[in-house]
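Look at the two complexes coming up: chain A is in both, with chain B in one and chain C in the other.
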Partner chain A sequence: MTDDHEHYEAVVVGAGPGGAAAAAALARQGVETLVLERGVDAGSKNVSGGLIYAEESAPYTIDSLFPDFREAASERPVDDYYIHNVSGRDVKTFDLGRIHRHDTDWCDAVLRRKMDSWLAERVHELTRETGGGLLTEVRVNGLLRENGEIVGVTCDELDPITADLIVAADGVNSELARDAGLMDWDEPDDWFQGVKAVVEMEPDAIADRFGIDDDEGAAHLFSGDLFEGVRGGGFLYTNEDSLSVGTVFHLDSLAAERAEPHELLDALLTHPLLDQWLQGEYEEREYAAKLVPDSKKVAHPSPHRGRLLLVGDAAGQMQAQGPIIKGMNHAVTAGGLAAEAYADAKTRGDPSAAGELYEAKLNEEGVMDQLRPARYRATRSVSESDLLGTIGDAVIRSPIGAAGLKAFDGAIERAFNSPFLLGMVPDTRFSYVTLPTRIGEVLGEPVTGDNDVEPPDLADRIGDLTYDVGEPHIELVDNSFEASGTAVTACPVSAVGFGGGCYREETVRTNGSEERLVSLDTQPCVECGTCAIVADTEWEHPAGGKGVEYEQG
Partner chain B sequence: MPTIDPTDHEIADLGPEVNGIDDVEELEAMLALEADGEDRGPVRTLIESRIEKLRAADEEEDADPGDVDLAELTIADVANMVRDVDDAAVLRGLLEREREGKDRSGAITQIENRIEAVEGSEGGDGEVEYVPPEEKYPDLDHPTADKQYVEGTSGETYRDMWVYCETQQGELIDVSKELLGKARELMDEYNGEEGYGGDEDGTPEEVIAVVIGDDVVDLAEEAIAYGADRVVYHEDERLERFRHKPYTELFAHMCRDFDVDWRDYHEPRYTVFPATNNGRDLSALVQGELDSGLASDCSDLYIDEAMISNPAKTGIPGDSVAFDRVLHMPRPDFSGFEYSTILCIDKPHRDFHPQGASVIPGAFDLPDPDPDREGELVEHDLELPDEWFQIEIVDHDRLEGGVDLTGHDVVVALGRGIGTDPTKGIELGLELVDAFDDAAFGLSRGVITASYQFGGHVADYVSEERQIGESGQVVEPAVYIAAGISGAVQHKVGMDESDTIIAINDDPDADIRGFSDYFIEGDLFEVLPRLTAAVESGNLAAVAAEASDD
Partner chain C sequence: MYTVVLTKGVPDFREGKVSFDEDGHLERGKTPTVMNPNDELALRAALQGKVRHGGTVSLLSMGPPGYTDVLRQGMEEVYADDLYLLSDREMAAADTWATAMTVTTGISRLEPTPDLVVAGFKTADGETGHTGPQTNWCHHMNDALPDRTLVTHVVSLDVDPDAGTLRAKRLVKGDVTEVETVETDLPAFVVTDPEFEASYPKADHRLRYKDLREETKRRAEDPEAVLTVWNHEDLNLDPDFIGLDGSPTIVAGVDPIPKGPDEREATHVSPDDGAGMETVLEELQPFAGGD
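So, the complex of A and B:
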């Protein structure tokens, strides 16, 4: 039976950093490797905020696998790192340089279209030498099983392919991880939603307004009361000739507050604090969004099943260390370890042991500890309970609390800079909103500038994106407002009262009775994955090459 | 003294700098400076790894394949190295060392491939002994053993390029014409001085068109205008629709058994078919029946010679043999990611003719017909036995062409403004359509994808066939009436070339106002009936005048 199918020693699904790392490491071991990517180009589907870290302690970094990476594929090295605690116009800024540089060999801002497509070319060169290669516009739509065992993948565009090793590096909305029963799409509090705008800015203006040279970059984080109480924060990173400005929120909070992601992004973009950098000019190159897994909750402790190994976001390996977001670097490490595990297993004459070895390596190399810190697990049950939040709120609101804050000004900054303390920051409103707001209020100075930029509305943002419209890829299973109404607000390209979005609320009258329904048009979809979780849908990716195409990412 | 003193720099800045330096001594000097200074670990690693890389590159350049240590090389390195080695003995040495050493299958394949490329292939001199497949693999099924026409012979004659001209609805379909045009071009070249100057005896070869169907003699003549020298056609009312058995039998008979004076050859040299649903079926069946191969879904064709070293084809190991007049049939693999060129070449003990291809519609330009071209019509005569028609067509249907909204004087289009009473909205829109002599009814996508529930009598009107815009139809009527449409850019591109645009919207800030000639601010449920009445009474101008003129 297997003989009927095309066979490769390894098939890697997805050409993001995880897939690229796995494929390069496999190819270097001489493993015949085929990489399948659904985008028209690698990176055309991908979004991140944009800081890729090379950690000193990591067994693999992107430049150890792709030597010219920094010169060819990244934007700027980022050394300056600040967090702004905002309360109205009052802002208190902390320098988080220490935590940013902790265990950091280097850190660069990246744009994913440029980065991933460059990686893909290298991957293609490397894998070709082994008799494989990288194919774009191929969507893998499931696992091929024989007698209940995973033996390969099935695709929309190609005949089924068998392999001795299948690496699912297909990102946060991994269809393979779900097909294998390793991940699910049930709980909003397992995920963040990230939304971002790439904003044009000449290198001279960047140099001027950020006080940096052409080969320097800056990162600014934002927290406090600018986001209507939704738990999360904002970021701003400098690229070569643009800024990446975005927000990352806990999906459960976004859903519960019925917040509109694009409005929260606009709240950041139009805050007076940003005037010092935007100075009245605003030209948006691209609007983008994607879910982000929270490794503390979903990093799979045993991310493999048979020949299938999960890597990167597909395995939930995305670490939010306080404001610092580390997904790409862990995807790279995991990709390298998966390849190493397979090579080891082969040397031992038992390729099927790759999964076990991979899991062992994730633990030995300390990756799992970073992703799921024991400290967090220990503090979570107490600190995330509402009770603690309420007590914390009350204390911090009191005059005594304010005095305490003042007294500990420097200590707070140091606390932020401690990886140990950041690792146990609880996911409560208290730590995301109340505390930073109070810091801004008590310790902050008012910002003076007036920010009058006007970010484009949703219709224009959608209009500026490139789509190759294919068959609808999301099916609305239950169109009642109760089941799926949250998507009207949580979908980053939908909004209440906006007819041009994916999800729209409608009131339908039949025989005198009124029903509140939602309808779905997948054409403006940016494939972020949000509605797979907050609405009752059958969610798949579009076929290869179809759907949205990011130019920046 | 190196150009950069690392101790003056932050680590982050040093990466690009260090990687730009190609001089090992300079790097070593930097390393020394750093060691005397802060001696930062990452900086050391950075510089050291650069040095290592440069040294490795040097070694690689100098590596002598005769004694290189293979264990030091990656498979990619091995692949790059062997590419430049032409000496089989050196390659064999490498192979042996790799086998004794790391024994990586990827490296071995690379070396073996190279050996094959320089030597032709493995094995000694002399002919390959021919063993018929039935004897060589006695355990396998050999369905071809029962086939009447499997001929182990060679030395037959083959001529001409045959083109199957598919018809639909009593017309030659475009791809048939495209193929005739291409065949003409190929055979003109083939017969010309730059080509082969005709067949082996110098006689020009022809383009033969095949037309099968009911009442097709006119189409046969048309085939000449598109480039055929001769058209073999067969008419029979039972052939009105494509059926596998009779079409295959007929085609095979025409090119193998049809006894006429102009074709004294065994079989066609080349056959080409359209890669349509029917053409794909027919091509596979005919080529199977003629015991040859088929390259399906080709995107180009050309005739050229080919150097072949595969002993299965040449019969002589080690040497490359030139094959003449080979039809090269490139076709996309892996959804267009790469191309393979398929060749269909005789074996020493078995001929593979006709060399057959099916071609994707649109791969070649549609030629202009030349009504003055001369050619010969040949009616194929054969009694068609009844058993060829055992499969009966009981019903057939032609898919609707869909709704065509173009070419009308007026288009009335409705948007989500009908949301409060969608059924009523559609009714009002249709009434306005009826009031005009020549109007079409269109919709925004927003309506089509809504959860609205429509009354049965209007539900059929709500489908993607009526969508106007980027992913729907593009219309340019004299008058475009948009009611309850906001004017999203994806809708706009489908209608903004209309001469006069009238928008009805209750929101004075709706985007559509910006590209409307007349903007009627109001509730469409009130405005539409008034418009209808005005059109019916010939008073449209009055209503338009009432509207604000933007």
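So, the complex of A and C:
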């Protein structure tokens, strides 16, 4: 009987920006709201690139919901935005300021532990006034149902809780979205995987090497031939006293190429182009990894079921179109709209209509079109076809292609700055690798100097992270190499020939026959979810307060 | 529901904090005093009751004026509504018996009479585990106090103030370790086991816990505001029955634990080396028990 259960009007699962926005907006409407976060602290499980945008057209922004946000919780405002097209040592840089500023009120670099823990304090204050509050170290592990209807949540640490509204803001590996059948882990090409290093740098050095003041920041993107042909790119953002340097790749490409994510990150960190900023100094504060949904494919068009509304990564609301990488702002908007939808539904006397209203608001406010541009859907079948890719490759590699690039140098930079065209960027090797490489080759200038920094090896990176995973939370269902071998390379804390990671390849000889198997140790797991997709596993999060704890995020 | 928790200041035996002289004697002046680690669990048991059922939690200790900081530590790190310190030169150098007598008198002056007294298991310096049970025993001799059921080795606790009962799980260690569930009426005296764990299965509990933790941290910034100090005259105690004079225990001497030798010799023997293994067995034989 659910009558015996503890009840809150709203339960928000996850205290990232989406959950924080939903909870703050609900609390301001006077809705008794309980927020449950599984980390020891909000932000301890979170990783972002990370830039957070406040879009002029958005109905909710993080600073409209949390007025002191920028002063207290973010790093630097980012006005400068460049992309470097790399071919060997040749680099052609385009200024992407125009696309960066398009519809942008402001954009700040953030580190998630600092940001989310600050948000969580505000959220607790706001929700406590409604009779709810925010709790950390509580893992919500599923949905509570009565007669088949979703009525609440179940947790590892607490008795089941019923609620009139459940907001699942529990991230890219949302256990609630999966429990509700709204998300699955089937297709690698629905996802990106990002890895990131937070690198020490004194504010004076940042000012000097990037040519910016203390209250300014810069963003640099990298694409071309530095990543062994894997589809994706790199980024570098300036924080107050550190840099966030990372790489993001299509998971299907990482898997197909059997590439090691940490090595691709090192390829960026050690490229001569980065010497102008690193200048031989390298002290890594933290290595982190995250799975990123590709909203073009997985942003759920109806992210709700009964009383359950999905927000942010849990709903696939992460926009990555060429150089446009926006996630947190959409999560904030969605959180605000979810709260608004519930309040509207309640006013109409039918709280159960919140989901439908939420979906309508996502469409009316233009969020869905940003996440799943109609132009991409319309052009995808043609632009991502193998035939067109082959023709494109052939043309761009030919002398005619080179002449074209030279003739249209300025036009290319303009094209990169066009939100209309970027909405159609196909997810092919051509866009991510061939074209930028050719641009670097034909239009670029060689970088002088050498970059002799030595990033830490994987063992040191893992050793510097804090873990207390508790009981193993991932079960390897099929340990054959065919089923799960890709995890050895794709897992960001595993590598071929490295015994200290999660996944390891083993050759077992029995009575003369030989078998390639995969073994799993969940202790160094960073909970990115990669292996849930590329290997055959039963994947869960560790219990509340257990598992990896990011200090930077 | 009124709960009083007993605590003691002990040397901080943690690595890097504790200081010993060349003979292995504790250097008291160089070693900081902290709340006895086991008492933190007693205080957590009391806080759990406060979270679930409301009421008041007092923290009481006997010791020099400097123990105010021990009480403040308990208030800051766990919880306390108010603090009581029994402090007087006449109380100094007490054994567990004299301590129990003094503490019992202190408890008898609290108002209202506590429903529950909680003590931790053993102090880190004395290691006797006597003071809690003896304090409860002393209740029998104090007309102002009710008799209490003593429940020791408590690993989990649930109080029902409306029914006036207490249910506890006790860890009973013998040939096999068993967990025994007992129920008794209040007032009672509980000694927590080092494996005690507070439990908060409701979100509401955890939210209230968070509120109380914030509140107690604020209060701990000015412990004097909630501190009551009683000397032997305040408690009307005869100096002959407290402190060193009231302590029947005589410490005949203290032997330091012998230090391990600075240098040791080792010989590696491979299990395949038959003659070598025989020598090992011969060396071990005198230490083997039985026939």
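For the reader, a short list of remarks on this structure follows.
Just so we're on the same page, the second predicted complex is superposed on the first by the 553 of 553 C-alpha atoms of A that agree within 3 Å, B and C clash if a C-alpha of one lies under 4 Å from a C-alpha of the other, contacts with A are read in each partner's own complex, and residues count from 1 in each chain.
Please note the rule applied: a contact is a pair of C-beta atoms (placed from the backbone, for glycine too) under 8 Å apart; a residue touches a chain by one contact, two chains touch by 3 or more.
Owing to the predicted nature of the structure, the values given are computational and were not obtained by experimental measurement.
Partners chain B and chain C clash in the overlay (superposition on chain A). Shared-chain residue A:Ala315: touches no atom of chain B or chain C. Judged by the touch definition given at the top, the superposed model places A:Ile325 against neither chain B nor chain C. Partner contacting the larger number of chain A residues, of chain B and chain C: B. With both structures placed on the common chain, the touch criterion links A:Ala219 to neither chain B nor chain C.
Of the two partner chains, chain C is the only one that A:Ile161 touches; chain B does not reach it. When the shared chain is aligned, chain C comes close enough to touch A:Tyr8, but chain B does not.
Contacts of A:Ala487 after superposition on the shared chain: neither chain B nor chain C is touched. Once chain A of one complex is fitted onto chain A of the other, the partner contacts of A:Leu135 extend to both chain B and chain C. Applying the stated contact rule after C-alpha superposition, one finds that A:Ile99 touches neither chain B nor chain C. In the three-chain model built by superposing on chain A, chain B overlaps with chain C at stretch 113-121, while the rest of 23-31, 77-85 or 113-121 show no clash. Within chain A, the residues touched by chain B in the first complex and by chain C in the second are 135, 138, 157-158. Those residues of chain C that touch chain A in the complex are listed here as 201-204, 206-207, 210-211. Of all the residues in chain B, the ones that touch chain A in their complex are 10-13, 15-16, 19-20, 41-42, 45, 53, 74-76, 79, 104-107, 109-110, 334-337, 415-416, 419-421, 445-446, 449-453, 471, 486, 488-490, 511. Per the touch definition, chain A reaches chain C in the complex via residues 6, 8, 34, 36, 124, 128, 132-133, 135, 138, 157-159, 161.
The touching residues of chain A, when paired with chain B in their complex, are 27-28, 30-32, 56, 63, 67-68, 70-71, 77-79, 105-107, 125-126, 129-131, 135-138, 157-158, 215-216, 459, 463, 469, 479, 499-500, 504, 506-510, 517-521, 523, 544.
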